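Each chain carries a letter (A, B, C and D) given by its place in the written order, and its residues are counted from 1.
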Amino acid sequence: MSAAEDTLERQDQLQGIGCSRKRKEDPRFIQGKGNYVDDVKLPGMLCGAIVRSPFAHAKIVSINKEKALALPGVHAVITADDLKPLGLHWMPTLAGDTQAVLADEKVAFQQQEVAMVVADDRYIAADGAELVEVEYEVLPALVDPHKAMDDDAPIIRDDLVGKDEAGQGKRTHNNHIFTWDVGDKDATDRAFDNAEVTVREEILNPRVHPSPLETCGCVASFDKINGALTVYITSQAPHIVRTVITLLSGIAESKVRVISPDIGGGFGNKVGVYPGYVVAIVSSIVLGRPVKWIESRIDNISTTAFARDYHGIGELAADKNGVIKALRFSALADHGAFNAHAQPTKWPAGLFSICTGSYDIPVAYARVDGVYTNKAPGGVAYRCSFRVTEAVYLIERMIDVLAQKLDIDKAEIRRRNFIKAEQFPYQSALGWEYDSGNYLPALEKVLEACDYEGLRKEQAEKRAKGELMGIGLCTFTEIVGAGPSKACDVLGVGMFDSCEIRVHPTGSAIARMGTITQGQGHQTTYAQIIASELGLSSDDIQIEEGDTDTAPYGLGTYGSRSTPVGGAATAMAARTIRAKAQKIAAHLLEVSPDDVEWDVDRFQVKGNPDAVKTMKEVAWAAYNNVPEGMEMGLETVNYYDPPNFTYPFGIYLCVVDIDRHTGETSIRRFYALDDCGNRINPMIIEGQIHGGLNEAFAVAMGQLISFDEDGNLQGNSLMDYFIPTFVETPHWETDYTVTPSPHHPLGAKGVAESPHVGGIPCFSNAVIDAFAHKGVTHVNMPHTAFNVWKTIHQLGLDN
Amino acid sequence: MTVAPSYRHFFTYSVNSMQVTLNKIVPLDDTVEKAWKILKDIEQVAGCMPGAEITEVIDENNYKGSVKVKIGPMNVAFKGEINVLDIDSDAHQIHLIAKGQDSKGTSSASMDLTARVRTNESGASELTGDAAVTVNGKLANFGGRMMTQVADQILGQFADNFSQKLASSSTDSGSEEPVASKPVEEINGLKFAWNAIIGVIKSFFQSRK
Amino acid sequence: MIPPSFQYHAPSSVDDAISILTQYGDEAKILAGGHSLLPMMKLRFAEPEHLVDINNIDSLKGIREENGMIVIGAMTSESALIASALLQEKCPLLPEAAKLIADPQVRNRGTIGGDIAHGDPGNDHPALMLALDARFTLVGPNGSREVEASDFFLGTFYTALEADEIMTEIRIAPQAANTGASYHKLKRKTGDFATAAAAVVIEMSGDTCQSARISLTNLAATAFRATEAEAVLVGQTISDELIKQAAAKVMEACDPAEDLRGDAEYKTHMGGEMTRRAIKDAIKRAGGN
Amino acid sequence: MAKTQLSFNLNGQDVDVLVEPRELLIHVLREQLMQTGAHIGCETSHCGACTVDINGQSVKSCTFLAVQAQGAEVMTVEGLASGGELHPLQAAFMEEHGLQCGFCTPGMLMRGYRFLQENPNPSEDDIRQGMAGNLCRCTGYQNIIKSIQKAAADINAADNA
């Protein structure tokens, strides 16, 4: 065997970075041995059921608990009045607002939490909840965000009357939460005034819900003897939950243990702290018994964490050649009854300012006004980085609108506006420094793979026959990996993340992270990083997450931040260990540390391939034979504060055929090229892209949380709320290029959200493109058969 | 060209409201005066409402009442108030608002009703009703959109009962006593109506027995 | 989502079931497949005190041919309809349509009788029964009676079935020669009710339509037959124009309720479109063009 | 409400439990018999996470009363592997990355297990139709389809060996 072959073989054995390692999580899941929150059963455990408001806006006249309390097996009925003496009837939100834990004198959205019945089991709890009698005096409901700041609008938040601030800056109306703006308004306005061409369009991201298959829930267990609280919880950010619990309850953080066990999907739904958690915890403290609370699907869709609800107007200014000169945007953000959106605390519109996208736009201005309405609170990043879906939807729709106005091909207009490879690192007009990108070759790769010219030709032929075929393009740039702590924090905690690695004497290791997997395969991929960095087999590396008693503090998993931040922490921790190992190896080899070099899984004396110490040998020595003055052991913890975000990009192409009689859209082809920098596990990346595309498909083609004018929620079960099945879901084609991040230790960027963020505008662009020859530049999501048919019918194309 | 009119028509409010408006015209077999005698008497009118009952007279314009229906597996009991806004004896027209909540507090309904008896062009007397019915809460979440059908059927039953009452009062020759107000027992129509609600709720799910 | 308490009865004969129904009257509810009733109970809209599970009554299951008629037990599952060689040969419309109902697991539990007896305009079997001119056997305390499909569906969730009766059998004539049938259903996704659906049975003689039955799902308070649309076709040489006219007649007869699937205008148009497609398919299958 | 004695066979073993008539099979499996593989995802029989096999048929156990399982043969994901060997379908899900968060997986496996007996040589479209009662939010279904195709090939190869 040659030296090169030997190296390759040793590399393969590690199953490190770049290999499609099979997942370590799978054996338990395929045998029904996952451990999700609802699987947790503790001795003496009680169950909670929430009594919810049937009305969107109403005063609570009275609550009568007697019948419920009389039911055998009911232990407590908790209302706001019970929480008041504890100061727990309101709680802080991540966005600086406060939210009623249980409705305090009034309800402000339908299904709001009014009381919790705690009983022996879920059957009795449900019976008890039916017996709690609540009398309401119904108030006029405010549903339309455009009417929120009318003079005569109903006041949603009586508690804020007279206050000119609600946690995120000045407000100007009782239902106003904040104004956020970014960019040079005057210069932008001037650019529009002087532009050869301008376009303007409504850019609407309707209210949707992430709906992971597992709903939210928790088991709270308070140990009265030790004053210690353990909470099993469906959380994407268990450490933040621990801090919030301490801030709320006053229990020392060292006595609060939060465990996120297996999580059945998150997609942003499981970032926030919800009233159900808080009441279950209080119940456990009061009753001294474990209390479980698990949402129903209807509760989940109705109350915990909607996404989007951005009602905007987008504008582009350009020259006659389609070169963009300026971008302008304004939006109303409907935050519901409490400002509980899950964003870095100082970012009321998240990272929306990424909205200049992949294009070299000299000047831009964006403004978002948050308003209260009688709807559930939330505003989470549904499989995206904070408000990045909204931002990408804006620019990717508007560039199509501009192309149509100027009759420029939709691929060509992108070519003309792309940031060029040599411009990186690129300073965007709205303040970001894009780390790396190479858009044009990626676009050409996709166009060629799909025979774009051929598709356009076919489209022209179909149009001549009256058939509807659309080609959608989306060439997006994301911003993920929050984030540099100087820019991002959650409740004052910087958005670093962490990894602790311990290498055991016999050369296996355990690593613990501040992130938490919800299906992304962290147990598999983090081990690959460590394997490559330390030369230990992946199979000998255990990854643990989610238990705040053992894992180092971390901000959790959302916004595609695990690889950019947690992965970086892992690499950095491993490198610290390797640096120490190098000294030990040199000591064992009796040379200077500078005289040894790393070779896959071992240190070798430079120029002497026979003088080697494997990492396993070094690990053993770390516990019995270290250089003079060195501490024993081989472990470290790294808290990684990234210098910048990462900026993955993608080029997507979608071909649709629309049935002009029924409005049904069939996805003939969806081709997704993603560039997430260096790739750790291609199999998992591909799986993430498939899943993200499917969620994009769901949002673009059918998802909608809708209300009537009285604030009654419509379609809050899976009968109506669109989750595509095997039958509706299209086939996905994936591709990639690699443009490493220059600042990430592994050159990696994060990927799971790109397909959602980039997929949604791609579907929309395809559907709208099908009508482009009829002068249509825009229709709103979701593109249900009914909605598409309305366009068809209006244009008379169904005759 | 933007085909989509305004966002309002597309999302957030795919259905404008759980409010439905209904108009009914029912021919009557007796004189307008006799019919008006019944119509202006809220207790008698309530008695024509299937399953309804006046439980308390607060004053001449305000009443408390209930509607109780038990159909198959379903029990519905609404309690509420009736406020008479206007009795116009010249126009033979009454305007009232009835609203209530179900006993579990999970749904509410209200009806704004203007009812009138008149002589039509061909000289026959008839009862006209214009009602706006609004449903909120659980019923609106799960079955609100069938309210047109349901309310239509309830009003139809009301009209039938009204004409029956008129007919029976007419046969009470010479008696000036108003017909005793009592809940109408025939609730087939209502059964039908409530079944429709239940059915919608069921149909919200895959309806596959 | 927890159902309220009830007493459970699982009779093994129709007689026993009827005596339980008779005993408890309105307090009792029949449990067939359960995919309508149980969710409704979980929502606490239905709170029956007695649940009569008729899944153990074997005589209510199965498909056979008897005196030239196809006889289907009311508790025959959708899956059994799909799998039936007899139906595939002599009444292919039913297995074809059953595949469009719900999903595989639900079809294992859902029954043809439950689907019909529920009287839901969104259910598929009512329109199919109208198109197939089916007859239902209803058994009650006073014995059994037969009702034609055309007399059965009285309104939304309102059928000719009395509270103390059980539907036991469905009788359908085997598909005649030169006859074709088709069911076209537009739905938002798997498991959904029809936005609109049309069932068509047509008998052809060359290019001429000898007879036609057209019925619609979820387009009015109940499934209904579009007799005026049928009249457009019968005795005529079929052409695209004629099919269009028939579809237009269907649209005139539609009176759908607005919901998240679409408004009345859309659903009405879809009623026409599904009819157009089903007629074309049916004619092709009947050997026409 | 009085409890009923319920006996059935679960994954090859006879079990006896006391249940209320209203108890759903999914709850009895998970909470009394501690077989927590089957999950509750929607409660309205749309998602299929609760799918188990009853008397040779796939059933959504959230919409099935436990008392209806009297005397039945019930199989859950916990019974899929036998003799210390994974079922080919389980192995294929691992091999083809047919799962991510794992929540839908037990339902997928149980439906897939029965589906492959109903149709041992399915096309992609057959799989899409046959698995349409099970929702997944993570995978976009593509790798589940590949997993089932692989399992079909593996099972057929083993049968022919």
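Convention: a residue touches a chain if its C-beta (ideal position, glycine included) is under 8 Å from a C-beta of that chain, and two chains touch if they have at least 3 such contacts.
Everything numeric here is computed off the predicted structure, so don't read it as measured data.
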item	value
Per-chain CA centroid nearest to the all-protein CA mean	A
Result of counting contacting C-beta pairs for A-D and A-B, higher pair	A-D
Distance from the mean Cα position of subunit B to that of subunit A, given in whole angstrom	49
Inter-chain centre distance, subunit C versus subunit D - centres from mean C-alpha coordinates, in Å	29
Where subunit A touches two or more other chains, by residue	122-123, 130, 296-298, 706, 714, 717, 719-720, 725-727, 790
Touching two or more other chains - residue numbers and ranges from subunit B	14-15, 104, 138, 204-206
Two or more partner chains touched - positions in subunit D	20, 22, 43-46, 129, 131-133
Of subunit B, residues touching subunit A in the complex	1-4, 7-8, 10-19, 101, 103-108, 134, 136-138, 140-141, 144, 204-206
Residues of subunit D defined as touching subunit A within the complex	20, 22-23, 27, 30-31, 34-44, 46-47, 49, 76-78, 80-81, 86, 90, 93-95, 97, 99-106, 109, 127-129, 131-145
Contact footprint of subunit D on subunit C as seen in their complex	1-8, 10, 31, 34-35, 38-39, 41-42, 51, 53, 55, 79, 99, 102-106, 108-109, 190-191
Interfacial residue positions of subunit C with respect to subunit A in the complex	1-2, 4-5, 44, 103, 186, 188-192, 195, 260-263, 265-266, 269-270, 273
Residues on subunit A engaged by subunit C in the complex (per definition of touch)	122-123, 126-127, 130, 296-298, 661-664, 702, 706, 714-715, 719-720, 722, 724-728, 784-786, 789-790, 793, 798
